[in-house]
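Take a look at these structures.
Two complexes come next, and they have one chain in common, chain A, joined by chain B in the first and chain C in the second.
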Partner chain A sequence: MQSIPDNLKPPFTDLLLAIADDKLMLGHRNSDWTGLGPILEEDIAFSSLAQDEIAHASAFYELAGELLGTSSDELAFGRTPEEYRCAAIVEVPDDFDWASAICRQFFCDEYDMLRLKRMTISNYTPLANLAGRILAEEQVHIEHSEEWVVRLGRGTHEARQRMQKAIDRLAPIALWLFEPFDGLKSLIDAGLYPGSDFDMYDTWTTRIQDILEKAELTMHVEIGEPDDKGGRRGVHTEHFEPLLNDMCEVYRIEPGVAW
Partner chain B sequence: MSGSGNVGVHVDHNIQEDPEKLAEFQQKIDDGMLIEVDDWMPEAYRTGMLKMAEHHANSEIIGALPEGEWITRAPSLRRKLALTAKVQDEVGHGQMLYRVSQDLGKTRDNMLRDLITGKTKYHNVFNYPAPTWGDIAMIQWLIDGAAILNQGTLADGAFGPYVRTMKRINMEEAFHFKSGEDMVLTLMGGTMKQREMGQEAFDRWWYPSLMFFGPRDKPNAEQLPPMRWRMKTVTNDGLRQRFINRFAPAALALGLKIHVVEKDEHGMVTSKKPDENLRLNEETGNWEFTEPDWEEFFRVIRGHGPCNKQRLALRRLSYEQGHWVRNAILHGSKNLPPAA
Partner chain C sequence: MDVLLTIPDPEMPISIVDLGLIEDVQIQSGCVSIDVLPTFVGCPALPMIADDITRKVGQLEDVENVEVRFIYDPPWTVDRISETGRLSLKTHGVTVPEPGSGATKLDVPGHQHPGGGGEGSVELRTSALPCPFCDSRDTKLESQFGPTRCRMMYYCNACKNTFEHMKKV
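What follows is the complex of A and B.
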């Protein structure tokens, strides 16, 4: 195994957990639509997206698990809430509203694409390889979400209103995806996670604004230095504990055994 | 999962079918040929096949609900993925079977609407509760196992589009069954709590899986249209016996006990005792067993099962929540440019 200097291990595993936790919780939320989607064909497609996210999460947990000396399942199911590193956007429920589900997926996919691109040039080869492998699938996700955003934005009056409402509600929450965490700069300097968060934010907003323009929708957000801590530093929304309790309900009956 | 084959065929004697064509039709079936959508067929056959495929489709998408409720609680990453994929498959089966039904002349929207208004039915087995993870294991083992048996024989039927769909579906069901078997094995080889969870779930699902194949046959079942026209190829009792011959010894080998149970209105077991009739009859090679409570069966079919209301309500909610989405796609005012 390629070795990581001891002082970089905590931020680096935080980075791996951030992407794994984001993907697991997003996949978890989306998987809940399986069997209940608005159209059978989309039910099936959206479920595939959910499965991809969970499978990606699993792969990132494995990377983190190698460094932390634990298993993917223990990382996924066995931590206390403050040990998770996911961002608020994947924690919020969609209340069974398709506009919210699509909007959440859209913000996350666009972000993930950029994050993965940075990871493909990491000097930690296992991460670069994994990110490279996943990129193609993420491209499919992005096309899917972007198509839906445009389709709904330019659909009926009701659809546009619902989409706009979802964007207004979720965009400010999505910004927490960019919350910096302790040691992030050292990862960038060491080439483990090359690139700049500022550039990434610019690219993200530009792409989103482009798509929203096509969809005749708008987004007004401004990013600032966060006053409080968020998910990247282990402080979660009120939605997170219920999510975790649901997800871990069976696991906790007999933690650590095979199910 | 699922598979119907128990939908009655109503022969309307006011419709005078051309006797020559009817004889030709019967000959084709007896010769093992497939009937295709555009071929001549008696009206009762067309409506019967539509009813059967529609019922089967309904069952697939209602069947997605009890297991779907456990996706978020699956206890490992591997199980979470497998269960999501499994439920997704069932939705896919529904979609394929609605297509077969559509070709027989009913629109999908009408079928979905008839389902949520209770005008059409779905398989009875999905009106039972799945209160623990153990139930999810048992559903995938017993009910998907029952479905494979049933659908395997439906794939020997005579209606081409349905037969081809059954073949495709059965390949996926085999995966479901394998993973169900693995879940049951894991539970029964696990801790005391896990084994108890497995046994309790088994007690809840054993009888519904025996009832899965439908009520006792009429004495002349093989002469009636459904079998004469190869809409189904094996009797209900015949399938039930095959199921028991396979699953009773398998359950015992796993350390499960087979009980005769009483249940409350929520489908929860209130008392149980070992099935004293259960034994292998060496002469016939068949396992003997205590018959299901057929009164309960008909009560559940009439809509008074533990979960009828809940399942339909969720399906209705999904239909209603998706209404504006379907509208946006159908009536979107502007053409959609490529998003990229």
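What follows is the complex of A and C.
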């Protein structure tokens, strides 16, 4: 498919904005660690992760912008909070707790790999091409976060305790990554986003449990039908607006500014 | 093409031709159109590359207009780096994954085992990677991330040098 029918444009742009918004916010959270990483290598790692995520977000905003007739900057910085589609896990602060930062990265990287894989078989060629490319670039992300989960889990008593605490706190929040949004089924049926969210959730939990077993850590979550709306449908956590205000400060003072 | 060979990549010590960035050059009565493949999506060096190409090609006789387009299809992979480029990178302490190992659209990388516990991908990668300075294979991965988005850091236990390895994309 080389063009998107009008009736599928709203859910399809929601899908593109969901991945772009997740990456922009996660990249911003990653960049908090620039200059503050626990060791130099991780300072560089989180700065690189931030660069990757924000560059990838920008590419998805461009795809969405072509369909919405707007620019990637306008999409990144010029929307109202309820127009963003990111999930709660990228909104919550890590309070500069290294275990929380690693845990968030781990949940998000595992999810992102599966989402990108589904996108590589989209029948919308521009999306399939971009997703394939980004998947290759993100391979090291997942190796990095999985290695750290195992390292902390098998580390000192304190490292292990803090990692388990981060998992217990963040796992329920991470499930909001899987929140369905309006029109998702129509995208699956049209071949724009093939696969099933249930299968994706199964693969995600299985993979996470495998790594946690190696790390001698545990996760107990059960996914259900969400009672309320979450980030995928524009309802965000209390942490989102301060984060957005921080990110958009310069853009709002002078829209269109280049730096 | 000769003038493109004189343009170094802003972040790599080789020309943009040897790095495999140039996909196509079309010349039509004074108008030159060049298709360039970015190494990484949204690489921050792209505006500099476009400026360098426009300026240098624009100085050539009979060239009236230069257009640089960044395209992602086909994707750039490490396989596009020329033999000259590989040798030159090696002397600068940067190794490149073996030819044929780059990611392609059909060969999407899957999950690998974590290496943190002392077994798995890190060790596998390590044993296969010779040091660019002393050729020892007694090297280890220091970090999956390095000075630019496309490079990782390794350390050679034999000659005690750090070196860089291009990510396998």
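Everything below uses one rule, namely that the second predicted complex is superposed on the first by the 255 of 259 C-alpha atoms of A that agree within 3 Å, B and C clash if a C-alpha of one lies under 4 Å from a C-alpha of the other, contacts with A are read in each partner's own complex, and residues count from 1 in each chain.
Rule of thumb we're sticking to: a residue touches a chain if its C-beta (ideal position, glycine included) is under 8 Å from a C-beta of that chain, and two chains touch if they have at least 3 such contacts.
Quick caveat, the model's predicted, so the values are computed rather than measured.
Within the superposed three-chain model, A:150 lies in touch with chain B and with chain C [touch as defined at top]. Residue contacts after overlaying the shared chain place A:97 against chain B, while chain C stays out of touching range. When the shared chain is aligned, no partner comes close enough to touch A:205: not chain B, not chain C.
Of the two partner chains placed around the shared chain by superposition, chain C is the only one that A:56 touches, whereas chain B remains out of contact. Contacts of A:137 after superposition on the shared chain: chain C is touched, whereas chain B is not. Of the two partner chains placed around the shared chain by superposition, chain B and chain C are both touched by A:41. Of the two partner chains, chain B is the only one that A:250 touches; chain C does not reach it. In the superposed model, A:214 lies in contact with both chain B and chain C. In the superposition on chain A, A:70 makes contact with neither chain B nor chain C. Touch counts on chain A: comparing chain C and chain B, the chain ahead is B. In the superposition on chain A, the residues of chain A contacting both chain B and chain C are 41, 44, 47-48, 51, 54-55, 58, 143, 146-147, 149-151, 154, 211, 214. Contacts from chain A toward chain C in the complex involve residues 41-42, 44-45, 47-49, 51-52, 54-56, 58-59, 113, 117, 120, 128-130, 132-137, 139-140, 142-144, 146-151, 154, 207, 211, 214-215.
Against chain B, the residues of chain A that register as touching in their complex are 24, 28, 31-32, 34-41, 43-44, 47-48, 50-51, 54-55, 57-58, 61, 72-73, 76-77, 96-98, 143, 146-147, 149-152, 154-156, 158-159, 162, 211, 214, 246-247, 249-251, 253-254, 257-259. Taken together, the chain B residues at the contact with chain A in this complex read 61, 64-65, 67-68, 71-81, 84-85, 87-88, 90-92, 94-95, 98, 108, 133, 183, 186-187, 190-191, 193-194, 197, 314, 317-318, 321-322, 324-329, 331-334, 336-337, 339-340. Residues 40-44, 72-73, 75, 103, 105, 108-109, 111-112, 114-117, 121-122, 142-147, 149, 152-153, 167-169 of chain C are the ones that touch chain A when the two sit in their complex.
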